[in-house]
Every structure is written in C-alpha cells, then in structure tokens.
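Two complexes are shown next, each including chain A; its partner changes from chain B in the first to chain C in the second.
On to the complex of A and B.
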C-alpha cells in the first residue's frame, strides 16, 4: 500500500487525531470521577471543576505556542509567582488601582516573554537554557522584591477574577468569572493559530526553521511572539491563582512542567511542527481531571507524582507508536 | 565530522576560557574582599569540593547529551540513592558494600528503563525522563517514613577523609572525570556516542546499533547520578527525599554541560567543558558568599550568567536553534 507523501491534508488529519486523543482521555477520566462522586455531573460542580482547571488550561495554551515553534518555556511558573507577589505588593489592598496594576503585570510579563524570545532568536541560546535562566532570574527578583515572604494584600475586586461565581445565569445556572476568562483566552489562542497566518507560520517554523526561512517566513519574529504569548498566558494564570489561593511565594511552582505535560498528553509534538489548541486544552483538562480523581481516591499526595509520571509516559508512548505505525 | 576537529574547535578553547575566567573571578573577588585565606591550598580544595556533587551528575549528563538525549530524572535518582544508602546502612559499616551495590543496581535499572523508553519506545527523552523522575519522586516521598536511617561513620570518610592533603571527594571526581574522558576520546564506545549524537541516521547506516548506544549512555548517566547521591549521603549523613530536587541537580547539570560547549543536539562537546562549567558555578557560589550577596540576588545573577555563558559561544552558531 502506498502512502501519499506528507502534505497538508495529512497534517490536518494529525490534528484531528490529536483532538480525539485528548478529548477521549478527558471523557474517560471525568467518567471515572463521576463514578466515585456522581454530583460532578451537576452543572454547578462541572463549572467549579473548570474554574479550578482554568489556570492550567490557560498555561497549556500559552506553552503550546512555544512548543509548536520548537521550544520550551520553563519560566511560566516563575512568572505566575511574580504576578501573585507583585500584585499584592503593588495593590496593597487599594481596590482603586487594581486595573492599573493588572496593566503593569501584563507589561512585566510581556517584558519577560520578549527577553526569552530575543535571547533565543538572536543570541541562539537553546530555549530550555534561556528559560531556565529567566526562571531563576524572575524567581529571584520576585523573592528579593517581596523579601522572601508573602506581604501586602489583594483587594476583593482582584480576587474576584479567580473566585467570584455568578448565580442564576440563564441556561447555565452558575458561571464563575474564571471560566469566562478561560473561554475567552482559549478562543483568542485558537483564533491566533487557526484564524491568522501566524498559526501556519508557527507550525512551519517548528517543523523546519531553515525551510520556512527560505520560504520567506520571519522565523525570529514568529519565535519571539510565541514566547510573548506564553508569558501573557502565565500572567493571566497568575491573576486567577492569586484570586483562588491568595498570596504565596510558591504560587506557580512546578506549573511549567505541568503545562508541558498537558500539551504532550493532548498530542502536541515536542520540538515543534504538530499540535493544536485542542491538544493543549484537553490535555490540561485530562491532567486536572486526573489530579481530581486521585484526590477523590484518597491516595497520598506523594503518589500523585508517580501516577502523573506513568500517565505522561503512557500518553507519549501511544502517540509515538501511532506515528510509527502510520509511517 | 571528525573527532579531532571537534576537540580543536569546541572542546578545549571553551573549557580553558571558562576555567581561566572562573579562577580569575575567584582570585579578584578574594583579593578585593580581603579574604586572602581563600587563596591558600585549603581555600582551593574547599572551592573544588563544591564541584563534586554537581560535577559527578554533570559528567553523566554529558554522556546523554552527547548522544542527543537528555536526563531529567537525575535529581529524583540522587535523592533515592541517598535515602536508600542511609536506610540500608543504618550506621553499620558491614553494610557499606551491599548498600553501595544495591544503590548502583537501582541506578542501572533506572538508566535501563530511561534508555529503553527513549531508544526503543521512541519517546521524547525529556518526557520519558521527566516521567521516570516523577515516578521515583512519588514512590520516595510516599515511602520515606519507612526508609529512615543514617550512613555508617566509616562511609563518611568518602566525604570528609583525604590523603596527602587531597580530599577523597576530589580524588573521586578527578578519577571519574579521567575515566569519562578516556571512554569518550579513546574507546570505540566513545566514538559511537559522538557518531550517534552527531548523525543518528548516518550512524545506523554505518552499522552502529544506535539504540544500544543510547541505552548505554542513559545507564552511564544514571550511574554517575548514583555516585553523586552516594557522595551527598556521605556528606549529609542521611538522605532526604528532596535533596536532589532542592539542589536543582537536573536543570543545573544540563546548564553546566551546555555552558561547557556540549550542544543539546548531540555529537559535539566533552568532559573538559563540563568540568569548566561546574568550576564556573562553584567559583560563582564562593564569590557571592565572599561578597555577601543575599540569597535572592544570587539567584538572579545565576540566571543571568547561565544565559550569558551559553550565549557567548552559541551566538556564533549559524542557523536556528529552538
């Protein structure tokens, strides 16, 4: 049997398979949750599940941009921590300036993203090293600024972004603000990849930077934008995290690896060229459903790491096996 | 791509330059802060001793990166080895040899699993080793309550003893470095590592069983991480499940290897550069301490220096990196 050489239709097909893998996994895991706790079928609890999953999904969407272009962003967790600490120090309980400070936070995030992108694109430092460096740098700055402990205070109008739930919404029952933010962010991220020329460029650059450069794609700009999107997603997730859980110095710890894991579980290919916003979204939802399930099962916190490791390897092994069978 | 060209163009100059810069920085800081005691024999051996744990791990990391893979599970493995060694010994000198053998056996198994997942399973090495690392970390944290213990007093000689004024840990690092350099430069296995890392398809067409080479490199990396874990157990008297993770040994060993001129794509680099990278980290630590820089600022500077140190030679690269 002969195969058509890799052309556009085959990549589209890969995209659809990625969607199915992540979605199927999420449905299976959520069904398992419902089996133990039937109340999770109620729209209210499902909305609450989405609310708590929102930061991870948003981070995964941002991380996906970087992964598509062939890199990694290890600095997301540090940026989220910085956002939580900086917000509490800058606002310090004064609700009047919340919106101005949120603008400042996005400014800081964009600065970190630009720095990552510029270093990778022009100094040619591999992104895993660059973002490891910025992770240390941003974490150090955040801790030095706050003196190593949470201080300051977040006013209600800031925290509401993460924890407010609108009641009696027609058709839905309850609607958390965080879910609106989640849907908005995912829609924008989807549009960026599927509705603009940027999405095609990102895939091309991740697949073969040299070829896309020869074809006229602005490789450096594509990479830099990906890192900025990733940093913006980290700021957004940080704002929601500050709303849920208040101020702490390890608010964002380990989130970068969870975001990478989410993209990969959903079927995105590390080192670029393959993946869709759905792989990030459903990968992150699957991962969060897994955490929820393990909590319900009452397993010790420590085993969560182990099971996450097993799932991670299994998900990628299945993808690798499918790809091998196809070629 | 010939090996001699690699050594001439990438290996030595980066390593030498880095080593000279590190030593220069250390001397200047010691003189300017008046801590001239640091420049004595004791100061120098003290400085070198800071290199041991990270150095051992980074030597192993060099093998996997040269072959075009990477190992993120080393941090968890270090903790596992340190905990296991102290649990098996329970302060009994008779248990030293069995405990060391058991630990190295565990490392061989972990390395084998990593290598098999990467080479035969076709799983991206970052994900495979991140996964095994998480599995080890979880099991370790869950069972630590049952795994208390301390190493034998005699075992601590490994960290605190010495001969002719040279501490044993330094001898350990030096001899293992020489062994690693010998294997990479002078043996068939070493040549195959460079071949597989430089051009996997070419190596396969040349008749090398690339999967076996990758798998062996992963086992080497895990065994070196185990050596690092044993050293830490000897120095700290007992292991905890977080010494590897808190020391950031996974990411730092990758950083020093890349700082030393080994490229992440594989096939280029060597032991000399890695050791120079470790020396840079050790002198930075020592210099920051002498200057009295606070812990958070130290971290900021470390981040900047990691990027700058890699940028110095990466910026000349043609083509794109990700």
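On to the complex of A and C.
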C-alpha cells in the first residue's frame, strides 16, 4: 500500500484487540496453572490439556457461526448427548459398523441443524426460542430412546477418537487424536469464514439482516448454513466426549452455554456482526484453562458455574465499555 | 437587541480523539426567535446541540439560560431547565398511546394511581394547541411520521420548554406536512419560545428563520439576520465555494430503448401502475407521504412485489418476488433509511461496498481476489470520492453523503442496469448532494436508467427528466423536465385528474 492511512483502521484494530484479548487471557490463565502445577509446561501435559479442551473449542467454533449471524444455538448440548447415546445403541458393541454409525450421527446432526435453520429463517421464530425447543425435543428423544439410562458400551475404535494418544511423534512427542480432530475442525471453520464469501455474508446478515436482504444477500440460506455448521460441531464434540467419558445421559449438559460464553469471552458480539474464529478458539481455551485452574485450586465443581457466570458478564461489560469509550 | 437572550453559548469548544468538533463557537437565541443553524455534515451542529442538551460536556466555554450560567451533567437537567430537543430520530415508544408517550416519566398520579382521565384531557389540550388532530388514546405506531413528530413537540411543550431545538424536523416529512410543521414553528415563536432550527433545506431556512448562523469545520462563519442572507451567500459560507451548477445539465441525446416497462401493476398499496424507464433516463416519482411512492419503489425491487400486472425488463417479461431476484435481474435499491435498510453499520466501508457482489457470488467463491479484492474496490471507492481515513473503518463512522456513495459503489460493482433511489440525499450535506446528483446523471448517461423517489420537490425538478406523480396508490400524472412545483403539487393532491395530467406514461 502506498497510501498512508491517517488513523489506525478501527475495524481491523478491533479484530486484533479481540484476538489479543482472548490469546492474552489464555496465556495468563495457563501461566497461573503452571504456577500451581509446573508439570503443565511439559508438552505431554499441554497436549492433554488441548485434548480435554477439544470438545469445547469445537462447540465454540460452531456456535460462533450462529452468533455471527445474530442468533443462538442452545441445542448443541442436547445434540452432543444424543450422539453419545445413539452411538452406544446403534453400534451395540459391534466395532465393524463404527464408521457407518458415525455417518448416521452426522446425518442426525445435520437434520437437527436444518430444522433449527428452517424454523428460524422461514417461520421467523427467534433462534433462542427455536433452539430451546429443539434442545428439549432432542433431550427428550434421546432419553426415551435410551430408556432413561445409559446402556451399552462404546467399542474401542469409537472411543479412541477421544482418548487415543499417539506416542513418539517426531517433533511433538505425544499427539492425541482429539487434538488432530480439533486442529482439523478449527481449520475448516476458519476456511469457511475466511476462505469463502460466506464469512462476510454472515457478518453482514448478523449486523443488519434487512439491509443485507435488500442488497441481495441470501439471508435465509446464510442462517440455515450457520445452524447446520453448529450442529455438525456438536456431533463432532459429542463423538470426542463419548471417547473421554463413555456413555452417560448428561454427556452434553450445559455445553451450549459454555460455548456461547467462550465466544463472548473471546470478543464475539452477541446478536451478530462481530467476531472471528479466533475469538471462539481462544475464548474456549481460556474458559477451559479457568476450569482447570479452579480444579487445581480445589474449588468444588459447582463453583465453576458461578465463576463462569461472573466472567461472562464481565466480558460483555468490558466490550460494551470499550466501545462506549471509543465514541 | 436589548432583550437578554433566552440562551447564550459562549466560546464552546469540544474535541474528540483526532477531531476538533467545535472551536470557540458563540451562539445565542432570544425568546420569540427562530435561529437557524446551517452547515455541512460534520460542521459541528449536532455536537453543539448535544452539548446544549446535556449529552456532552464542553471542553471550554459557558452556557447561560435566561442569564444564569449552567453546567449540565445529565440530559435530564437540560430538560428541567426548559430545553427540549427534538431529534431527527424520534424517541417515542411505538406500542404506547399518545398520552402515555407525552407523559412518559411525568405521569399524573392521584392517590397512588395513574390519573388517566386527567392525562388524556391534558394531552388533548396540548395537541389542540399545536393544531394536531390526534386522539390521545391512539397508539403511536399507528400514526404517520408527521403526526409522531407533533406528538414529540407536544411532549416538549408539556415540560413548558422555553428553548426548543429542532434537528432536521422536516427530513422525514413530505411537502404538505412540512408546511404544517413550519406553520406550527411560527405559532410557537409567537408564544415566545426560543427556537433553534437545524436544516439542510434552504427554502425552509430562509422562510422561517429570523437569524441564521453558519458553522463550518467546527467554527462559526457568521450570524446574520435572515433578510440580509441570500441563499447563495449561505451556500457559499457553508461549503466555502460557489455551487453554480448544483444540478447536472439535462442530457443532450434523447432517451434510448426501453429498459423497464410496468403495465397494470397492482398490490395492496398500488393500483394500475403503468410507466416505463428508458436508457439514459432519470424518472422522478413524487407524491405525498402515503401516496404509494414508497410502495412503488418496494415493488420495483421485489421487496413488496406487484401482485398483478406485467413487468418487462429489457423486453422480457419478468416477475420479481424477492430483492435477490431483482438484484440478479439488474435492479439495485438505495433505500431512504440508510441506517436501517442500507448499511451494515459495524462492517467496514469495503464490506458494505462489496455486500452485493459477495451476496451474488457462489458460496465457495474466494473472497479478496479479483473483483472481490481490496485493490479493486478501493479503486472504485476512490473514483467515487468516498472520504474515509481508511476503507477498513466502520461505515457507521462516515457522514451520510459518504455512506450513500458507498452504497452507490455497491450497485456499480454489481453492474446494475436500473437503480431505484429513495430520498437519495436525505440528511446529506450540500456538497455531497451535488456529487451524488452528478453520479446519478453519469450513470444514466451511460445508457442505464434511474427511478428516484423523493419528497424533496426542488431535487426532483432539478434531477429528473420526467416526474411521475402519485396520489392514493395510482399514478395521477406525469410532467416533463421544466415543470414547476405547482404542477407536481396539483397532481399530488389529486387536484388535476389523470386525464388532465397524463402526458407520457
């Protein structure tokens, strides 16, 4: 560029601050963890940290798509639960059909995402209500199907996606499969937002759907795609969760709210129009680092929900304050 | 003048990061006077009024109201001192009744209960005083913009406002309602209210103002009595140069082939619409507020489509049911309410200019390449003279004129054949207006067509090659270039029938 801009470009600056805020917060929190437990500096333990954080990061990336377009997806936790229960029922101990079942799981997820998207786009039901309904519906179906209690076991080849760790990988030492899935998913999500016109469309639709429609944007399709991506991320996270913790009827409980919190902490704006894949990724890593820290401090599990609430409010307040100061 | 001014602001300065918004501005307004403030966008008018209203605190300078120095820290204090500001964007609650809005925060209470009867009575009195025929029980959302504005004024009068600031009060009004409003301003002046009047419309300012103050780049240029300030001098002071040729000249060559032809078009708001747009033509659409001129624009761009009739685009019958279809067919829409319908305010200038191109591209098109790349769009934005420190900055920070230019770029990039403008220069300063008119003319001269819907009569007469006039959802006639405001007004009021007025349709 030969032109010298007179002032710093405010939008790009905002993006950079958001990136830095999430990243800085993560580094600070991780440093605090290391202070208590220096072993976390070892590559092996860092990889393990990433492995356990993978489902939340993946969910946050999916949720980000919906948040950018100006909505919420509250049904992702329920979809993750459904995935775990359905996998155990469908596979039923037969490792031969694992991959086919995974295909079916993605099919179910896409169906849920399509339903959310179609209802929001065409029936004009606010997404918070639509996905709340879907959450109850999917949870109920999953419970009824499983008979109210977890049954069956997941075969090793399914569980390995979440828990297998390759050892002696050159340059890295250990490498969990979940981390490969994590990097792959974040890369794809990044490509979707930055490598195609979809990302800019989503931002415009989230910022002002009416203006976007009048400018010729396919508003309905943009919204539907966001819900489908979100549901696909929930299926992916569900598969990893099944590997970690086995079959349970509350495998995905509360994850949707954690994913929303992660996006917001990372700097994405609720109701759309601002945010990047990095806000979701580093927001989720920060949140997970916080959970880990609270565990190390020996605080009761219940406490972390309260802290999460406080952080969420603080994150939104700080964003709002910064924006007000700029005007 | 020996009267002590109702309002006097002395040496007001205010700086924002990087911008000196006001620099030692003096301003005063006496009771029973209309004092107009003119200036381009960004001249500091709004900042000055926000300081008066208590929204901003000045860096330097003093404010005196009725001879008493005051320091506001909150807008409510300004209201209590009898300062009422009526903003361009109205601040009424749409789902509440007129009475509830007028008494918002100041409800009459008897024995702990709202005294609705008393409030309705008092509201009716206030409305009567300003000559508004509104039932105080109706919901605000069911009122036209013009009537809502009157409610806003009634609300100000409830507080017994001694100083009334009106920020572009006629921007959203058509000719007839504007006249009513100006009559009301005269009434209030007779009652001894000091009125600060901000407007871009020169005829209004010269008609209503007793004194005129010009602001430019945060400084006061001069304050003069209105009778010693002809429009040419006002304009020169505002823009710092003469605007000899404000409207571009008429085209030399006759219009070409028919681009768009509508016959028998109707829907809920429109009836028997028939007209055509030829290559090289700018067609104006005039009419009063609910005449259907807005509905015509919506129908052309597929937002509220025609239900019946035929529409031919380039000779081929076409049905446009969504804005996306209209966009694909080569029709671009530039809405009057840019903030609500035209812009994604938190996105960059570039993103807004590229919105349509990106929307029409295939989903997996790579952004940032070719026509979607920064270099190409920056080039076009520079050609259009969109002024921004950086095209990556949020478009919400730009002036109205630059925002409108960015929207024009959006449709130029899409290579649209027909542009539908609604109120193309609403809230846009004079210099940018001239640039937008010039762009419109050269767009048409390159063999494309424009339909421009406007409430600004001089604008239509100046820019359009032909003006079609609407009345109650129908085209009541059309006038050729060179016709006067009277001709259009008669058609708009339905005074001369279709048979009389229709020349070319």
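As a convention for this text, the second predicted complex is superposed on the first by the 317 of 327 C-alpha atoms of A that agree within 3 Å, B and C clash if a C-alpha of one lies under 4 Å from a C-alpha of the other, contacts with A are read in each partner's own complex, and residues count from 1 in each chain.
Just so it is clear, contacts are C-beta pairs under 8 Å (C-beta built on N, C-alpha and C of every residue); 3 or more make two chains touch, one makes a residue touch a chain.
All of these numbers come straight from a predicted model, not from anything done at the bench.
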item: First, second, both or neither for A:200, with chain B first and chain C second; value: second
item: Touched partner set for A:213, first chain B, second chain C, both or neither; value: both
item: When both partners are placed on the shared chain, which of chain B and chain C touches more of chain A; value: B
item: Touching partner for A:64 - first (chain B), second (chain C), both, neither; value: neither
item: Partner chain in contact with A:119 - chain B first, chain C second, else both or neither; value: first
item: First, second, both or neither for A:264, with chain B first and chain C second; value: first
item: Chain B/chain C common contact set on chain A; value: 210, 213
item: Parts of chain A lying in touch with chain B, wherever the complex brings them together; value: 69-72, 74, 119-120, 122-130, 132-141, 143-144, 148, 206, 209-210, 213, 219, 223, 257, 260-261, 264, 270-272, 300-310, 312-313, 316-317, 320-321, 323-324
item: Chain B residues touching chain A - in the complex, by the definition given at the top; value: 117, 121-124, 126-128, 130-135, 137-142, 251, 254-255, 258, 264, 294-304, 306-307, 310-311, 314-317, 319-322
item: Contact set on chain C toward chain A in their complex; value: 18, 301, 303, 322-324, 326-328, 333, 335, 340-348, 351-352, 354-356, 358-367, 372, 389-390, 392-394, 397, 410, 414
item: Residues of chain A that touch chain C when the two form their complex; value: 5-12, 194-201, 203-204, 207-208, 210-218, 269, 273-274
